[in-house]
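Two complexes are shown next, each including subunit A; its partner changes from subunit B in the first to subunit C in the second.
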Partner chain A sequence: MDLVESHQEELRFARGRVVRALLIAGVAIAIAVPFSGQPAWIVRGTLIAITAIGVLGQNLLIGHTGQISFGQAGFLAIGAYTFAHVQMLPWPLALLVAGLAAAVAGVLVGFPSLRLKGPYLAIATLGFGIAVYQLLANASWLSGGRTGVAVQRPPMEWLYWQDVLLLAIFALATVNLISSYAGRAFMAVRDSEIAAEAVGVNLTRTKLLAFAVSSFYTGVHGALFAQFLGHLEPELFNLGEVLTLFVAITVGGLASIEGSIFGAAFVVLAPAVFGAARWAVPVLFGGSIIVVLVFEPGGLAGGLRKARVALEQWPFR
Partner chain B sequence: MADLPRPLLTVEGLSLAFGGIRALRGVGFSLAEGETLAVIGPNGSGKTSLFNCISGAYTPGAGSITFQGKSLLGLSPDRVARRGIARTFQNLRLFLGLPVIDNLLLGRHLHFRKNLAAAFFRLRGEEIRHREKCEELIEFLDLEPYRNVRVADCAYGVQKRVELARALALEPRLLLLDEPASGLTGEEKEEVAYWLHEMRGRFGLTLLFVEHDLRFASRLAPRMIALDRGEKIAEGTPAEVQRQPAVARAYLGDAA
Partner chain C sequence: MALPLMDRFLQYAVAGLSAGSLYALVALGIVLIYKSTKVLNFAHGDVATLGTFAAFALLSRDHSFWIAFPAALVTGALASVLFYFGALAPAQRKGATLLGQVILTIGLALIVQGLVVYTFGTEPDRMPFPLSDSESRKVGPVYVSELALGTLGAALAACVAVYVVVQRTRLGLAMRAVSENLMAAQTLGIPTRRVLGFAWATASALGVVAGLFLAPALLLDPFFMLDPFLKGFAASVLGGLGSLPGAVAGGLLLGVAESLAGAYAGIEFKKTLAFLVILAVLLVRPEGLLGKPFKERV
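Here is the complex of A and B:
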């Protein structure tokens, strides 16, 4: 009958043919970009890689664990400013400290999630993001006042490779995490808290872990963003950033790794198309959320999945 | 007393109220290791409430629940599960977005050695061990064709089986089943009765189940208790319980 021959085989990385094709295409594009000789594309590629790390993290929280949070700007700012203040440390260490600082904040912000659900949690986390922004805007010893904080910035091409490599590491870690007991517990909490508890999943620990891990990712996103810009000011971390990450998750696809990367590419590339008409970007973002939710709630990744199934069954059905 | 088997579960004087509704009023019974006990009673008589108190979902206003000599009162549902009690739900509570195999693996959650570093680095020895356990259940409950199907896409009868398999995956000492046969066709009911009978022998389970269908209950349980409006109105063999005038009245009252 339909027996599993080997559990090892079932658990292998990138088993599907389409997944493998996507993976190869991704690597090919990543390698081709620097050889294009177009500085603008190197900058965009770097920004996509940085953003994708944050989107992966927030997708773990929102898509996999089902905790709708709007605190992204806060975690981003904590990661960025922590990195700026510890940049004398060796780079990997500074990055780690930035991620951990955001993770600690994530656990603190996660506590309301033990009590609040849905829109109530979203509002509470939004409050956190606003509080961080206000703190930065008013504490010049933290944010460097009007002059801001300078961050050392390596050459662009170097940044590109560094950030693409980091994205690969984070994406791989995420694939591993969500196929482990911990990732399954995340999704169990999303699908039914009552059933999750009945099989022995500790809700408190699971939700706080999801907040910690996702904020770590977003903290690293913030740190890399700081390094990319070379300069920080509080204005960077306002509600616009929350919208951007949220759009990336919805358009890319909830609870999807490739979706997180598609979504990051969308929010980085779409504004480039509009060029001078910057006012049109939020309109496009808001509109795209509506379009996706109405026509393809699975986002780009969901659409791709459907196309793949249709392709496999073609010409039958 | 010495020759009686030690009770696995003892419930005494259990009371629970929702505002003015008294869902349970001084319910008590005990269950020996390896025994099967059915709980019957008309709609709203407190059967599910009793299960929710035992599994930690509700906190009773009064009374005691003792499992393996220790009180369960005040424990959260996940701690109760850890003590060795698994349950199913009257209105199925599954992880609908996940495939059948992942639902069963979640049933193994409390047996996993938790190691976050191993999770990030894909060290999967632990995972394979548990998958093997799940395969046994998949085979036992004829779930092979659905292994990788999202539970949301499975038929009701299959979902019901998945929930049973998930509960068995916990390897519980005590299994609570809330209406294991409700909503099933006659044929499916037969299958469930067979599986319950089989698994008692195979897994050495102690079984407490709620059932509306008196015939179904009598076939599996040598002993039953009947609830009506939160009170225990009868206890004994199926024949004894059904002879009680209070039981006949409760069921007729339900029908009227």
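Here is the complex of A and C:
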């Protein structure tokens, strides 16, 4: 693997020529898409950027901190509906409010995580997600009842640039976060709670921070999704949405930033390819999770890393 | 209805018991898998759906119930045994984390769901059944439908069967040994993989039984087991994820509580109750009613 000689080097952004070349290629593609004159790809690109923000957040919680949460649909719904109700504010502010609302909910859900571990936490967060859905389905003053809530929708090209830019900001923020003290504390908690506590990591603060940050991301994801759709119904935020996020995290690669983006691209593009057959999408998703976990647990990001190392060291391996 | 107050209460309690026995069956399967493999099986509902649809396919080709129902149980059991040996065991051998194993079961759930939608479509169907939902018998002061009686009977039979197998046979002894300490069981020459495979098969068959008795009460569509599956989850948490009697008690309690809540507190409350129960139990007593408190070793 990579030889890292100092802490300074470890912290450097995108070290290695291949990584830099791939990064530049990715940015070039993102800039080229709107000029390709293909509206379908602009829509897909927007959706990938939106989804990637949510996947980044959940990967922070699940991949880096090791807290198995099934409550994403709840945070997504809180973000989306908050955005819909405060959309008279200027949009950056509305986005911030939506994210913060989800983050507050995240801290509230995070409190049980201080006592619950593994499967128990998974069930508790699952219960939270469903409770939010039930609340929205029953409270028509919140969700607009059967007609739903309308959200003002800017033109598609504007959305594309806005969301891709936001994804870039969130990805950079995540890189900084995980190479800071907080990110290291996240991973220490994941690897062993007791050991992390023994070396002075504040378990309570770290876990709550992980829940707050990841819910903030998911709330922003929900808000952008609301803006993208222009219309909200409680049915959008069911268990299927949670499963899709899990597929994205697994296929892309746990605890990996580039993996989150690959995973988001996978879950957006795969249904586009199989658009005609509705049944094929879950089969493809399920099959790819199983194949990834059995053969390449690092996901696409792990596979890419292995390929890169093999390429750089060729023929000496 | 001019039922006296007490009879009305009993009527709802009995309806709750019948729904609760379905939750108990689902919860029993979830706990059986959790105790033996330490995995939360998110595919439990979907495998049960698959089995129920297998019965439906045979019944609509004019086979009798005596062929269709055993075939349904075998289909469900086969699907999860295949999954266990084909995906879960190899992943465990490679040292998959708890999260990885849970995600694997999500993968199975998605595949089964897609295949059921592909084969049977999403249109709801009516499931033929030997017991009627509308014919009711008078038992003491309350009326019980034939289907509800059948459900209670089937759940009771399944619970007794599980008890006998786990507590009174050599295979059950092996199952308890594997659940207690996998490594030690392996060292003592117990074929742990086969025992675990059997546990998965039994658990899925229990889920299919629940599916078969639930389907005639509502319409059969590819997602009909999602709700009872989540309720079964709630029931297993209520009783304690590591306790088989707890699963049964949790299921029955949840069923009765739901039915009474629906009768006296409103229908919205009935729907949310299970998830409030989950949150309350996990906050107050995470190990459940009959579970043992956990300890952690470094």
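Basically, the second predicted complex is superposed on the first by the 307 of 317 C-alpha atoms of A that agree within 3 Å, B and C clash if a C-alpha of one lies under 4 Å from a C-alpha of the other, contacts with A are read in each partner's own complex, and residues count from 1 in each chain.
Methods note: a residue touches a chain if its C-beta (ideal position, glycine included) is under 8 Å from a C-beta of that chain, and two chains touch if they have at least 3 such contacts.
None of these values were measured; they are calculated from a predicted model.
*Asks:* Who does A:A122 touch here: subunit B (first), subunit C (second), both, or neither?
*Replies:* So A:A122 only meets subunit C here.
*Asks:* Between subunit B (first) and subunit C (second), which, if any, makes contact with A:I194: first, second, both or neither?
*Replies:* Touch partners of A:I194: subunit B and subunit C.
*Asks:* Check whether A:L11 is in contact with subunit B, with subunit C, with both or with neither, and answer first, second, both or neither.
*Replies:* Touch partner of A:L11: subunit B, not subunit C.
*Asks:* For A:A185 in the superposed arrangement: first (subunit B), second (subunit C), both or neither?
*Replies:* first
*Asks:* Check whether subunit B or subunit C contacts more residues of subunit A in the superposed model.
*Replies:* Touching more residues of subunit A than the other partner does is C.
*Asks:* Where does A:L203 make contact in the superposed view: on subunit B (first), on subunit C (second), on both, or on neither?
*Replies:* first
*Asks:* So in the superposed three-chain picture, is A:L177 touching just subunit B, just subunit C, both, or none of them (first/second/both/neither)?
*Replies:* The answer is first: A:L177 touches subunit B but not subunit C.
*Asks:* In the superposed view, which residues of subunit A touch subunit B and also subunit C?
*Replies:* On subunit A, the residues that contact subunit B in one structure and subunit C in the other are 192, 194-195.
*Asks:* In the complex, go through subunit C and note every residue touching subunit A.
*Replies:* That would be residues 34, 40, 87, 90-91, 94, 96, 98-100, 102-104, 106-115, 117-118, 226, 230, 233-234, 237, 241, 268, 271-272, 275-276, 278-279, 282-283, 286, 294, 296, 298 of subunit C.
*Asks:* So in the complex, the part of subunit B that touches subunit A is made up of which residues?
*Replies:* By the definition above, subunit B touches subunit A via 55-57, 76-78, 81-82, 86-87, 89, 93-98, 102, 105-107, 109-110, 112, 114, 116, 118-122, 124, 126-128, 131-132, 135, 144-145, 147, 166, 169-170.
*Asks:* Would you tell me which residues of subunit A are touching subunit C in their complex?
*Replies:* That would be residues 62, 66, 68, 112, 115-120, 122-124, 126-128, 130-131, 134-135, 138, 192, 194-195, 239, 243, 246-247, 250, 254, 277-290, 293-294, 297 of subunit A.
*Asks:* Which residues, counting only subunit A, touch subunit B once they are in their complex?
*Replies:* The touching residues are 1-4, 7-8, 10-11, 13, 173, 176-177, 179-185, 187-188, 190-192, 194-203, 209, 255.
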